[in-house]
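Two complexes come next, and they have one chain in common, subunit A, joined by subunit B in the first and subunit C in the second.
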Partner chain A sequence: MLKNYLKIAWKVLLRRKFFTFISLFGISFTLMVLMVATSLFDHTFGPQMPERETDKLLFVNMVREQIQDGYNSSGPISYHFFDRNIRPLNTPETVSVNSMFFQVNSYINNRKLALDIKYTDREFWDILDFNFLEGNAFTQQDVKGANRVAVINENTREQYFGKAPAVGQYIVVDQVKYKVVGVVENVPVLRVQSYADVWVPVTLKSQEFNKPGLRGTYFATIKAKTPNDIPKIKAEYAAMMQEVERQQPQKGTKLFSFPDTFLESFARAFLGRDQETGLGMLYGILAGLTFLFMLLPTINLVNINISRIMERSSEIGVRKAFGATSSTIIGQFIVENIFLTLLGGLLGFLLSAGALWFINDSGIIVYADLDLNLRVFAIGLLLCLVFGLLSGVYPAYKMSRLHAVEALKGGSK
Partner chain B sequence: MITLSNIEKVYQTKTIETVALQNVNLHIPKGEFVSVMGPSGCGKSTLLNIMGLLDEPTSGLVEIDGTPISKYKDKELAHIRNQKLGFVFQSYHLINDLSVLDNVELPLLYRRGASAAETRKLAMTALEKVGLSARTKHFPAQLSGGQRQRVAIARALIGQPEVILADEPTGNLDSVMGEEIMNILLHLNQQDGTTIVMVTHDENMAHKTERLIRFFDGQQVSDARTAAFNFQQV
Partner chain C sequence: MIRHLFKLIWNRKKSNFLLITEIFFCFLVLFGVLSFIVYNVRNYTKPLGFEHDNVWLLTMRPSTDSSALNHQNLEQVLQLVRTFPEVQQASLTSSNAPFAFSQMNNNLSYGNVKDVMADFYEVEDDFKEVMQLQVREGRWFGMQDNASHHAPIVINKALKQQLFGEEDALGKLIPVNDSTNYQVVGITEHFRAGSEFAADEPAFFTRLNLPRSPNSFWSEVLIRVKPGTGIAFEEKMVKQVAGIGKGWALEVTTLEKMRQNKAKLTMIPMIALGLVCAFLILNVALGLFGVLWYNINSRHGEIGLRRALGAASGQIYRQFIGEVLVLATFGLLLGVMFAVQLPLLQVFDVESIVYTVAILGAVVVIYLLTIVCAFYPSRQAAAIHPAIALHED
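The block that comes next holds the complex of A and B.
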């Protein structure tokens, strides 16, 4: 039966080439945009180098102080806050302190080079899973001794040394000379927690360590022993924050700081309120946008499908006469529509691959390496099926209601 | 086989009420070849559609093998059509996108338990019966009118129905081709015992069947044995 349906579906596609072109263009273009968006989302929030174990990672990006008169201030945490409150947490397997990235300038042969530098501890390298092309991360001794050593990315190596090895060589960044101990693959800028061009020991900024106050220029990265420990870490963190709040000299001050997954931290930055991460709302907005984006091409496809199916009323009449039930007819048209959508999906995949190549090659997103992996493929396939169902069900239902005699009368000879 | 009692069919629009059939009482026994004649618009096709369970009467009772089907739902009616009835239409109603073989196989797509190999074998047998086994891979557009109608008959035959309902099967054909189609139908009736109800405008064709029912203005005006029947009896 399926073979019969697919034969018909293929013939119908070939019958009206312009309609087919419009349908396939609509489907493939829509899916291409959605696939690129999915790939971008996966690239930003999915388990990718160097944040592969996303189910075990939490990030503390900021602390917000709300003083009694309603005045709010927020920003990344201070080293002092990390050292006194986050480092002593019991539940995590490892915690790391690392700075925001700062743009600094370097000069190579009188050529100015803007680089992003990040200050990290040794634990940063244990928690995150960078791909090392040369050498290794700096050691605990390097951090303790505030040694001027650096891990650089592939792009920085190329800028300084061309194709030559970099480990053991020296670079001058922001007028400070560092010895290169490791080279890693480029990390896309979307991975704000780990991205930089140059990573150096956090102790090189030790002058900031004793600055009191909650806010500073640091992030904390927390790794749980198992994914099941995530809620426990959050609970321990919340208890710690209550204690910090209680100790505030100015009474009535409220403090907000949370260890979030990367996606939660993103949602909280834009949609969070007090304890709520805003993740549910983020998913709702994304689903709503996807639905709205698919709605127009779906309506278009519904109309095209109705007019296409109308041409086939004779066939519907014949099928009913020979024993097809209304639900069989619905099934047939849905299968045909899903076939069309999958075909559009296939074209969409090819277009997406082209679009992703363009994005990667253009450098619009620094060090982006967007690809169509299995997750993106699975989501794309799901979108195709939803699209196929949405645009196929109504026309199929409408036509299945057609009276057999009327269908036969309306048919071509 | 098929019994119609007090059948009435009225088509109603906002302004007009058209009576297509009125007080029709008919019994078609198993194995009979019946032709239905009458002027255009007299209700012949409506009668055939009601017999074929493609349309519902406004009032009256339709029985198939002694079972009233008035309360049957879409699924049950579809099942009876698939198992017991076969249709041949004046304008063939072949699916142009499917090959001859695929068209003939169509009724068995809706029959549970029919394997692909078995379906193919039955389709070939049906095509052999209508003399078209050499055209299996052709498409309807590549065939003449008479050949298309033979494909349509093969499609009606494949499910081995007890009744074939033919609505002006020779209406679009010239006399030679019409004769060929009529011979195939007569053969099916006489050799295989298939019950056939045929609507026709052609007196000659009608007189080849054993029973002729005439309609006028939605009413059955005569129901008589033909000379062919008397000849068969002799």
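The block that comes next holds the complex of A and C.
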């Protein structure tokens, strides 16, 4: 029976080519926009190089101090705070301290290179999975000895050395000479926790290590043994923060700092309030935007579907006269409509592949490498089905209520 | 005639309901996107109030905490920078240099006017020359301010309007806290340092006096260089500055580059929104065309009857176009009712003229759209021969 429905659907599509074109155009472009957005989202928050095990990773970006009269100050954490409070935590498998990235200049052959530099420890390389093109990360000895060694990204290598291998060579960044020990694939700038052009040992900034205070220029990255440990780490961290808050010299000071997953930390930065991450709100906003965006194409498709189905009222009349129930007819039209949206979805995939290629190529987002993977594909398929159902149910319902006699006569007013 | 058209639409309201909703939402989308674009374009056409060509920004991040030492080094750096023949002027600035991503603002109150939020910029006397500001009334900061009892400030026109209205602002005192007052010494024209798309917000400058603040440090210097000065000089300057500030991280960028980065922040959403909106409208237009075509084609009997009773083909044609316009009017009326709430309730701090232009623009576009979509099907309907049409039924 399903085969029959599909056959009919196909014939109907071929009969009114213009209507088919309008429907397919609407469906495929809508899905293209949604899929590009999904891909962007996945690229920013999904498990990608270098944060592949997102379910085991937590990030501490900020600490916010609230002094009694409502005065707030917030920023990245200090090394001192990390060393005293985060390093001794028991539950995590590994913790890493790394600085935020700073823009610095280098000059080569009368050309200026603006590079982003990040200071990291050895654990940073253990926790995250960078794709090394050459060489390796710097070692524990390099970090201990504050050696001037650097890991650079592909783009920096090309700027300095062209296509030639870079390991063992020297680069001068911000008037300091570093020996290159490794080259990694470019990390997109959206991955703020790990992004940089040049990574060097954190100990080169050791003069800052003893600076007291909670705020500084560092991030902490925490890796759990298993994903189930995440709530435990959060609990331990919260207990630790309470202790730190109690020890503050100024009474009534409130401290806010949380280990967050990638998405949580993003949500917190924009929507978070006190203990709340704002993740629910973020999902709400995203769902709302998607809904608003899909609203217009859906109404449009409903309109067109009604016209198309009206044309087939005599067919419906015959089927009803021979005893088909309303639900059978609704079923048939929904199947037809889903078939149509899937067809549009297929086109949409092709279009979005093109659009992503264009975005990557244009360099709007630094080092972006957007692609359609299985996750994006699955979400796209889901969107297709939702779209098909939304735009198919109402017209089918409307048609199924036609009286057989009226339908046979040729449509309704 | 028009009443008749309304009646026709009203009688078919159930089947026209979806079309009206579609036009309604289409209007809302257009209105939103147009408001955003009109707002930005309007800002873009206003003057910035300064010249950013050939201005560089040097950022210094000291490695030590000793503020006395840093201050001493900073004075040496400034002295050095000013001696280069390629440098015309240089001025220290707070971290919110033009086109920078950081912002500083403060509440000002004067008389009955309470809490005007204004951007404030801490700058040296040379800032006027570096950025080539135009002072409209009064004067810029100078040596004579060293002796002044109050902290001198220069305000922009927008701040003057909001704080003083038509009153003369020069010499007026604005209380900051119990012991200090700002005294207005000058008024500049526009100063929109945020970005080219920033609104003309209130702003004021305070005087930064380096020798008088012995333990303070400012990390940014704006430098106006001679036209044509390139990377070679930049490298030389950075090397020599690095010789003074040992272990400082230094960064030089041009305001032009910062402007481009800041512009991107507005341009990319604007282009993306524009594209999405264009697609939605194309989609709606195609849909509308299809539906109108179908609807008109299914009314052959009616057309035949009218023709047989003596209606000219032009009349039929006008009837269908008229019907579609009435349909659009229903959707638009509903939409405009929602849209006017924005300027009426002042939801966002945007001038009403922006909304007015956006509403008018959206209305015109939708009328055009519906006419274009109805054009072909109506012509087809008008060309029908009465005998054939009646025969079909």
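Please note the rule applied: the second predicted complex is superposed on the first by the 410 of 413 C-alpha atoms of A that agree within 3 Å, B and C clash if a C-alpha of one lies under 4 Å from a C-alpha of the other, contacts with A are read in each partner's own complex, and residues count from 1 in each chain.
The definition used in the following text is that contacts are C-beta pairs under 8 Å (C-beta built on N, C-alpha and C of every residue); 3 or more make two chains touch, one makes a residue touch a chain.
Here the structure is a predicted model, which is why all the values come from computation and not from measurement.
Superposition note: with subunit A as the common reference, subunit B and subunit C can be accommodated side by side. Measuring from the middle, so to speak, at the Cα centre of subunit A, the directions to subunit B and subunit C differ by 100 degrees in steps of 10. More residues of subunit A are touched by C (comparison of subunit B with subunit C).
With both structures placed on the common chain, the touch criterion links A:Gln103 to subunit C but leaves subunit B unconnected. Of all C-alpha pairs linking subunit B and subunit C after the chain A fit, the shortest spans 14 Å.
Common to the subunit B and subunit C interfaces on subunit A are residues 411, 413.
By the touch criterion stated above, subunit C contacts subunit A in their complex at residues 12, 15, 18-19, 21-22, 25-26, 29, 61, 63-65, 230-232, 234-235, 238-239, 242, 247, 249-253, 268, 276, 279-280, 283-284, 286-287, 289-291, 294-295, 298. Interface residues of subunit A, counted against subunit C in their complex, comprise 18-19, 22, 25-26, 29-30, 33, 102-105, 107, 110-112, 114, 174-175, 205, 207-208, 211, 293, 295-297, 299-304, 306-307, 310-311, 364, 411, 413. By the touch rule above, subunit A contacts subunit B in their complex via residues 1, 4, 7-8, 11-12, 15, 314-315, 317-328, 403-405, 408, 411-413. Across the complex, subunit B meets subunit A through its residues 49, 52, 54-55, 74-75, 78-79, 81-83, 86-87, 89, 91-98, 102, 105-107, 109-111, 155, 159, 172.
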